[in-house]
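Letters are used for the chains, namely A, B, C and D, taken in the order the chains are written, and counting of residues starts over at 1 for each.
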Amino acid sequence: MKRVGIIGASGFAGAELMRLCAGHPEFEVVFASGDSQAGTPVGELYPSLAAAYPTTTLEPWESIPGGLDVVFIALPHGASQTIVPKLDASHILDLGADFRLKDTSLYPTWYGQEHTAPELLDEFAFGLPELFREDLLGATRVAVPGCYVTTATLTLAPLLKAGLVEPHGLVVDAASGVSGAGRAPKPGTTFSAVDENFTAYGLLNHRHTPEMEMAIGRHAGTDVQLLFTPHLAPMNRGILATCYARPTGDESTEELLTVLAAAYAEESFVVVSEAVPSTKATLGSNSVHITVRRDERTGWVVAIGALDNLVKGAAGQAIQCANLAVGLDEAAGLASAGMYP
Amino acid sequence: MKRVGIIGASGFAGAELMRLCAGHPEFEVVFASGDSQAGTPVGELYPSLAAAYPTTTLEPWESIPGGLDVVFIALPHGASQTIVPKLDASHILDLGADFRLKDTSLYPTWYGQEHTAPELLDEFAFGLPELFREDLLGATRVAVPGCYVTTATLTLAPLLKAGLVEPHGLVVDAASGVSGAGRAPKPGTTFSAVDENFTAYGLLNHRHTPEMEMAIGRHAGTDVQLLFTPHLAPMNRGILATCYARPTGDESTEELLTVLAAAYAEESFVVVSEAVPSTKATLGSNSVHITVRRDERTGWVVAIGALDNLVKGAAGQAIQCANLAVGLDEAAGLASAGMYP
Amino acid sequence: MKRVGIIGASGFAGAELMRLCAGHPEFEVVFASGDSQAGTPVGELYPSLAAAYPTTTLEPWESIPGGLDVVFIALPHGASQTIVPKLDASHILDLGADFRLKDTSLYPTWYGQEHTAPELLDEFAFGLPELFREDLLGATRVAVPGCYVTTATLTLAPLLKAGLVEPHGLVVDAASGVSGAGRAPKPGTTFSAVDENFTAYGLLNHRHTPEMEMAIGRHAGTDVQLLFTPHLAPMNRGILATCYARPTGDESTEELLTVLAAAYAEESFVVVSEAVPSTKATLGSNSVHITVRRDERTGWVVAIGALDNLVKGAAGQAIQCANLAVGLDEAAGLASAGMYP
Amino acid sequence: MKRVGIIGASGFAGAELMRLCAGHPEFEVVFASGDSQAGTPVGELYPSLAAAYPTTTLEPWESIPGGLDVVFIALPHGASQTIVPKLDASHILDLGADFRLKDTSLYPTWYGQEHTAPELLDEFAFGLPELFREDLLGATRVAVPGCYVTTATLTLAPLLKAGLVEPHGLVVDAASGVSGAGRAPKPGTTFSAVDENFTAYGLLNHRHTPEMEMAIGRHAGTDVQLLFTPHLAPMNRGILATCYARPTGDESTEELLTVLAAAYAEESFVVVSEAVPSTKATLGSNSVHITVRRDERTGWVVAIGALDNLVKGAAGQAIQCANLAVGLDEAAGLASAGMYP
C-alpha cells in the first residue's frame, strides 16, 4: 500500500480524493488536513465519509508526516506555491492552479499576483494523461489541470493537432455544476440562488482561459486564442463544453469523428461517439464523452465534451496521474462506469 | 370582460394561459379544449388550477362557441393550419409555428411538410411587441414567436439594426428548462433523465433557426445567418441565450450597452443592464433581461438574454399581443416582477 | 391606493411582499427597508424585482415615514418586539414570531428569551383568516402565523373542532423547501448541501410546535399536544404536512372528507379533495390543498395539507390579512392559480 | 472470476448492478438481458455504461447461458415467479417482490394475484445481511428486500427486538427519490411533475407494508403492525424513513442510541450516531445511517434511517448477499463512502 496524504481534505476536491482513495486497492490515506476545520472528524464534516473513515480527524497541514509516497494538494490558488517548497514526499500532485502555467508573466495578469516559486514551475508535469502521458510516467511533481480546461482541451486538441480547425477565433461555451465553486457558502451558491437558475459568469476573463490556450496549443504545436464563457447550471456536478471553431478544409462530420476516435482509440476513459454527450453519463466516473459536427450551412465546426468536474476534472484525474507516477495500473481505483440516475 | 377561448389548454403553454387569464382583469376564459383530455376537469389535470377554475372541464376543440373576442391556440406545429380556417373569433393568437415564417419554402425544409394554408400567412402579424408593435395594434391574427426566438431576437436585433455586428457567422448558444419539451412523458424528459444533467440537442438543425434569422433580419433590414445550439438544463423554466457576433467597428462594452438600453428605453418588460442575466430573475414574469460585452482580446461581441419560456416565451407574450390587439393596456394581467426564489 | 411600507424587504418573505404588492391593485410600496443592505437598489439585490421597482432603494428601517396605511414587518424573531412600539402606522402586520403566542411563559422556553413588550400581545389578532376571520376585519395589529403552523392548523383544526380525532398524541411530520431557512448563506443551505438530499432537522423542539398547539387548540376549544418533525426537501418552496391522529369514533374517509369540505366550503383559497395534495399545485399561489384518510387496518387518521410557504405561509397570508384589515376584497392581489410547472 | 448474469439490465436496479459489477474484483458480467430493449447496446441505452461495457448488447432473457455462478433478477413483481423455475444457476438473487413474503395469502391481498410458484418460497433466504446473515452464507436463492423495507427494518428492528417500543401503532413516514419508480416515463415521473414538488402517494396500502411487518417482526420475534406513508421527494436517489413508536419503558435518547449502536457494532455499512441522517450522506454507497430520539414531552420515540435506494436498497444489497452466498468478502465491490456533493 502507498501511504497517501491529502492537504485540503475539507474542500470538495479533497473530499472526493478521500472517497476515491477509500476504494483504491493500493492507496491508504494516512493524513488529511483541513486547516479551518482542524480537529473535526472527517465523518462529521462529511457524513458521506463516516463509514469509510470512522477514526480520521482533520489536522493542520503542517502536521503532515515526512516521506509519504503520494501527497495530493487541493487548495485555493496561491496556497501551494508556499507549501510545496516545504513538503517532503515522493510524489506531489497539485490540483490547484499554481504550477500549471509555465509562462510566469501570466500569473499577474490572470491571478493578480506574482508567482512566488517560479523556479519550481519546470519541475511540474501537466497532468492530462491522454495528451501528455509520457511526462507523467514516474513524475515526482504534477500540476493537475482544472475541470473546464480538461473538458475543452480533450475536446478540441486533436482537431487542432490534425490541422482541421483554425487556432484563432475559437469559442468555448461551457456550463458547470455548482460544486466547482467550492464548499464555502456564498450568496451565489445557496440552493435558493442556484436552483431553477441558469446564468453566465466570469465573462471574458475567466482564469482558466490561458490554461486552455496553453494546453491545446502545446498539444497542437500552435498558438491558440479562444474566448471562454462559463455558465452555472442548477446541478451539483458535471461540465459540458460546446466549442465553436472555423474549419480549415471541407472535412465532414464523419471525418471529424474519425479523427477524434483515432486520437482516443487506446484510452479507456474517453468515449467518442456521434451521440451527444451529457454530463450525467459521466457522473461519479473518470470518463469523458466527446462528439463533433460540421455545419455546412454556416461553416462552423461544433465539438462537445462532457465530464464530472470533481472526478476527471479534479480528484479522479489526480489519481490517474498518481497511478502513472508511482507505476500502478493507470485506472486503479477509478470507475469508468457512471452512476445513473 | 373579453370572452376568451383556449385551444390546447392541456399543454404547458395552454395551462400557463389559464393561469395568467385567471389573474387578468379583463379576460374571462369561457372555453378550454384539450382533445386527448376531453371530459377531464381542468383542476384534475392541473391541480394548480383547481382553486381558480373549480368547474371548468376540458372539451374537444370543435365545441368552441362562435364569436369569442379572443382565441389562443397552443398546439403542436401543423395543427393550427387546419384549425384557423374554421374558427370564428375576433382575435386569434397562435402560439405555434404554423404562421410565423412568411416564406412558404421554409416549411418543407424545417418542418418536413408543405404548408396547407399558405394564403393565410400574410394575415398574421408577428407577435413580438417590442420590435413590431405597430403591426399588433388591433391585429386580428397574430403568430406569437417561440421562446428561443424571442430571447435571441430581442438580444441581438438592436445590435444588428445599428450595424454594430456582422449579420453572418453569428452563434446563438442557448439553454432551456425542460418545460419547453411539453407535458407528454418521454424518455428524455423524466426527472431521472434530466436532473443533474446538462446536454445539447438539436445540433445544427433546430427548427427555430430560420425564425430567428427572419425576425432579426426583418428588424435589422438585412440578411442574417446564424448557428443555433440549444441545450437542456435541469430546471423547469427559463431560457438563456449567449450570442456571439463579430463587431463591425470598435464600439466598447459601454457603447454597446447604451445602444441596447436606448432601444428598449420605453419597454416596461425589458431590463438592459451590465448585470449578467439569469433565468431565475424572470421566473413567472413577462420580463426579459439583456446584457452585452465587447472582448478586446479575441474580437468577439457577446450578448446575453434571459426570459421565462412559458411567459415571455409563450403565454405571457401571447397575452401581451392580445392586449394590444383588443386595445387594452399592454401589460394587463402580466407580472413584471419575477418569483424569487 | 394604500401607502405601504415593508420592513425587512431584503429577506425572502419581504421580497415576496414586494412581488405581490407590485401586482396588487390597491397597494403601493412607498418604503422598503433592509438594514444590512441599506443603500442597495432593490433590483440589484433581487434582479427579479428590477423591472417592477426600477428606482426603489433599500433604506434603514428608522427612515420609515409616519402615517403609512399598512406596514409589513418581515424580520427574524425578537426584532419586531423592539420595532412595533416605535411605529406609527394604521395597520401593522408582523410576519415574525414575536406576537403570535399569547402565553408569555412560552417565549423563554421556545425562543430562549423573555418577551420585551408583553403588554402589546393582546393587541395582535392571529392572522389565519380561514379560522379567525372575525378578529381580522379592521384589525390594526396582526401576527401572521408561520408556514408550518398554517399548514398543520388548517389541516387538523376542523377535525379536532368536530371532535373526530384525539387532541393528544398527534404527530405532524412535514417537509419544507429551503426558502424557509432564509436568504443568508449557511453551510446547510448551499445548493451542494441541499440538492439530492432529504433530511430531518429540529427534532423534538422546533419552535413552531407551541404555535401549532395554540392555534389548533384555540379553534377546537381544547388542549392539544403534538410532536412536530420538520424535514428539508431539495426544493425552493412548498410545505407538505402529513398528520397522524387517533380517531375518536368510526368515521370513514368519506365522512372525514365531508367534514373538511364543509369547514372550508366558503373559502376561495382552500381546496379539499380526495386527491393527494402536492406542494407544486400551490406554487406562487395563496392556495391550500387538503385531504384526509381513515386507515381501518391500523386505526390511524392521516390528514395531509400543502401550501407555498412564502405565499400562504408568509407574504400572501399577510396580504390577505391586510386586505381584511383595511376593508378590501380579501383576495385582492393574490393568485389562487399556481404556477405549473 | 465469477460468471454473472443480469436479467432486467434495462431497468434502474439492473443498470446499477452493471455499474457495481464493473467495479467488482470478482464478478464479470457475461450476460445482460432487457427484453423490451433486446438488441440495444448497453452503452446506447445507458451512456453511463458506454466506457465500461463497450461491446455488451442487451439480449432476451431466454438467451441466458446455463451454469452461471450468479444470476441477478431485477424485474417488476410477478415476473420472477415465472422465470426462476426455468433458470439453471448456482446462485439466484431476486431483487423483486416475488419471493420475499412467506405467507402466500398476502400476495392476493397486496399484489392482486395468487403466487404461481409457492413451492419455491421456502428456498429463498431473506437478503438483509445485517439481521439475517446466517441464512445467506452459501445461500443458493435469495429474495433481496426492497428499499423502503430495508430502511424501516434496519431502523426499527433492534428497538423492537430489545422490547423498547410497542410493536403496534407504529408509523413509518418515508420519502424517496424518484428512481424508485423506475425508468419508464410516466406522467408522474417527468421532470416537470417532480421538480420543486413534494407529495405523498400510496396512502394506507403501499405494497411494502406487509414486508416491513414481516421482516421487523421476524427479527424481533413478535407480531408487528404499522402504518406506512411514502412520499416522493424531488431527487433521484435516497430514502429517509422517520418512524414513530410508543416506548414501553423510560429509556432516554442516550440509552436508545446505545442499543442501536450495539446492534450494529460489527457492521461496516451501518453508521449509528446522534447526527440526523440525510439521504445524501449515503449517495452511491451501500451505507445506512440511523439515529433515534425519545421525546419526554409527548411520549414518542422517533427513529430515523437513510440509505441509497438503488444501492443498499437494491443492487448493492444484492451484491452484498451474493458475496455472502459465494463466499467472498461481504464488502467486495461495494463502496462505504458516499459521493458528495
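As a convention for this text, contacts are C-beta pairs under 8 Å (C-beta built on N, C-alpha and C of every residue); 3 or more make two chains touch, one makes a residue touch a chain.
Keep in mind the model is a prediction, meaning the values are calculated, not measured.
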item: Joint neighbours of chain D and chain C, given as chain labels; value: A, B
item: Pair joined by more contacting C-beta pairs (A-B or B-D); value: A-B
item: Computed distance of Cα centres, chain C from chain B, in Å; value: 35
item: Chain B-chain D separation of Cα centroids, rounded to whole Å; value: 45
item: Euclidean distance of C-alpha centroids - chain A vs chain B, Å; value: 38
item: For chain C, residues that touch 2 or more chains besides their own; value: 12, 179, 192-193, 195-196, 234-237, 277-278, 280, 283, 340-341
item: Complex contacts: residues of chain A adjacent to chain B; value: 169, 171, 173, 175, 177, 192-193, 195-201, 203-204, 225-227, 229, 231, 233-238, 240, 242, 244, 276-280, 283, 293, 295, 297-300, 302, 304, 306, 340-341
item: Residues of chain B that touch chain C when the two form their complex; value: 12, 15-16, 18-19, 22-23, 43-44, 46-53, 179, 195-196, 236-237, 268-271, 273, 275, 277-278, 280-285, 287, 289, 335-341
item: Residues of chain D touching chain B in the complex; value: 12, 178-179, 183, 185-187, 189-196, 234-236
